[in-house]
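Questions regarding the structure given below will be posed in turn.
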């Protein structure tokens, strides 16, 4: 796992680095579980709200991690939306069995993302843009 | 172009359909301009804030369009963030020459996205999830 | 629909422009059908091979379109793989009812992609890279 | 890093698990280097062929990792294309200085991807589809 560390050294802060890892982990776990466990088990695992939130969570975690890696100015706002979908996904996974790993990954990712936003949530639509790089 | 219409009939509202098209168009124009015009012209077109916001805009427009197509509950919040990055991108493109098509695509997409959100902006982090499908 | 044309004028050839449009259309139709029709109808529409190939097709069409838009050297090889998954998806959709629109979009996209590759298929792993831009 | 292992246990083979990790690592390193180091240093780091192959590599590694995670039938063919773009990217990075980490990540990812394909390269366009799940 020392390869992870090579990147970490370049990323601007320890908190950002941890959030990227948590988003990537959550993406991986939710995508894999939805497309293998849920699709093969069927039944309650394929109820549209559960299945959709798992894929939505996987997609948004990936996009949010990439926004941080690329230094996009919108990364804090992505983290705020990501935190919410992760919480929704965790709750949905906790309601059915056998998705504990997803629920745990989502809870951890939500916490990391809230840490990035300072708990503040996204700015109003007309507010000025944040600076272009993670500080 | 009749192929566009086949999809339109299935999407839940005219407004949503228009927003998906505007997001996809903005994605296409910004990605193409950044990776061809900007990269080949260099100079001010490769200033990090301009180039980054163009790629961020392309990426977010794509993700937002997909969230609407897939019926993800988070689509309204994605539209709110998308509207902001489109405005930032339009302003950046207007400051340099020859990116009028990007600026125009961004302005149109921002307007469509604001229409979807009702101008309200994203909900606070702890608020309950929206319903699972576009109404 | 005149907005499509603005981009078309910038893309390097009529064939490439048509292929980008066909990939984007196929992405849109397959993603929407899988996440709405299939997920809500259940039964044979959620058989893992069908559902997976529909999402795989949607994902690859998107990535292939973006490779052409961005001028990535690998675009011809992406088109070759995209043609195959589109054919697999078309066959799977034709075996069940009510997915005619997907099947048609996949057939059209496969044909466009084969046109881009000259029917040649991807180069062997050790062959030299193609030139960096669509000609 | 024990979180990585939780996923690993679910993935079907050690080789597949390693390839997913190598693709994700290569995605992360190339995207971050292109959008921070290259964009900020300018000059030879923004020559279109180098910059494009780095972003193409990042994108394809991500898509290939996701194809393996989701169990898409096309994953072997994606690995074949991914191996080639990783080699092209490694060569380009080695020609300029300060991108050793990218070059190394690309070499490792190419090797993993070739291992998945058995060194065979992608099948001809008209050949039948592979089975739907990683074995």
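Order of writing sets the labels: A, B, C and D. Residues in every chain begin at 1.
One rule holds for everything that comes next: a contact is a pair of C-beta atoms (placed from the backbone, for glycine too) under 8 Å apart; a residue touches a chain by one contact, two chains touch by 3 or more.
Since the structure is predicted, the reported quantities are computational estimates derived from the model, not experimental observations.
When the C-beta pairs in contact are tallied for B-C and for C-D, the bigger tally goes to C-D. In the contact between chain A and chain D, the residue numbers used by both copies make up over half of all numbers at that interface.
For this pair, chain C with chain D, the centres built from the Cα atoms lie 20 Å apart.
Residue positions of chain D touching 2 or more other chains, listed in rising order: 35, 48, 52, 55, 66, 70-71.
Residues 48-49, 52-53, 55-56, 59-60, 63, 66-67, 70-74, 77-78, 80-81, 83-85, 88, 114, 117, 119, 121-125, 129, 132-133 of chain A are the ones that touch chain B when the two sit in their complex. Listing the residues of chain D that touch chain A in their complex gives 1, 3-4, 6-7, 10-11, 20, 24-25, 28-29, 31-33, 35-37, 62, 66, 69-71, 101, 105. Across the interface of their complex, chain C is touched by residues 35, 39-40, 42, 46, 48, 51-52, 55 of chain A.
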